[in-house]
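Okay, so subunit A shows up in both of these, paired with subunit B first and subunit C after.
This part shows the complex of A and B:
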């Protein structure tokens, strides 16, 4: 059982270079912290996939174990956890997030 | 130890649990726990509890030479079952002493 969840997570992370696990969707975020990270990604204008963990309890639980990170949102770039809302906000404000996106050749919208 | 909270007696139960666990884990130089719950009253995560949203500032030697991800993981571990059972949302400001 655990293997299938991990396989699903790996598949999601391999499918897109930038993945946001969040509460709600980019159009209708269900949490202020998820909303903030969506706004940041839209602001720097990179393409990303999102996963609504409220619609998928298995992923919601599985990703916490996978990443050793208990809260949402969680932003992944090239399969690596970059951070939650605090870290992403700080990296946006000091320019590191845009730099990282450029370094990893993330497609722009 | 420089406690910024006005008085321990004013800390409500969840906040005092956070305080106790972070003090035990990090012996912080500075520890500020702000209860932001009233800003979120009525939304889904609030769950009719008075305490659920916190901003926590910790300055501790243990954060020296640790990445941001790793600093947050250290705090998550120290908080244990409080997160996410008792704490719905946590804003962390973590740094080593200047």
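This part shows the complex of A and C:
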């Protein structure tokens, strides 16, 4: 059983290639920035899992320390932090995100 | 407790002394800003590392007192 918060996080990241730690859910985002990244992921049509940090204060605090990234959303591909809303938006606009998803052969919807 | 443009510039300068900073108030509520930070010292850092450098300057205030800082980082030529 995962005991520390970092083990819990590692377990989540190992379970699926793309994980979005966000406020709310893809269907009901509770924050504009999370909503923007959800829209981007849906637009490029890749499979992803999401974690609603509003429902899990331990993860909400733990993931900020784990990634040394203070805000949400946080997008991980293959266990690596890719970025928050600004970076994902910039990568989407210049095609880097779709390229990365292809390079990491992320399943498409 | 919100934050002023001067405070934001001050935080960023302490972390990135050679930065040129343009801060824009996005919300008028002292909590939503955008900033373009241009610095030669970003050279060689990934975009993620550049953003982290700036966010770390706020020492835990990021996402708390300062709800949102739309960040663009550029490497000064």
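Remarks
Convention: the second predicted complex is superposed on the first by the 106 of 109 C-alpha atoms of A that agree within 3 Å, B and C clash if a C-alpha of one lies under 4 Å from a C-alpha of the other, contacts with A are read in each partner's own complex, and residues count from 1 in each chain.
By our rule, a contact is a pair of C-beta atoms (placed from the backbone, for glycine too) under 8 Å apart; a residue touches a chain by one contact, two chains touch by 3 or more.
Note that the structure is a prediction, hence the values are computed from the model and not measured.
Contacts of A:87 after superposition: both subunit B and subunit C are touched.
In the superposition on chain A, contact is made by A:70 with both subunit B and subunit C. Look at A:30: by the touch rule set out above, it reaches subunit B but stays clear of subunit C. Judged by the touch definition given at the top, the superposed model places A:57 against neither subunit B nor subunit C.
Common to the subunit B and subunit C contact sets on subunit A are residues 33, 68-71, 81-87, 90.
Contact residues on subunit B toward subunit A in their complex (touch as defined above): 40, 44-45, 68-69, 72-73, 76, 83-84, 89-93. On subunit A, the positions that touch subunit C within their shared complex are 33, 64, 68-72, 81-87, 90. Looking at the complex, you find that subunit A touches subunit B at residues 30-33, 68-71, 81-87, 90.
Here subunit C touches subunit A in the complex through residues 47-48, 51-52, 55-56, 58, 60, 62-63, 68, 70-72, going by the rule given at the top.
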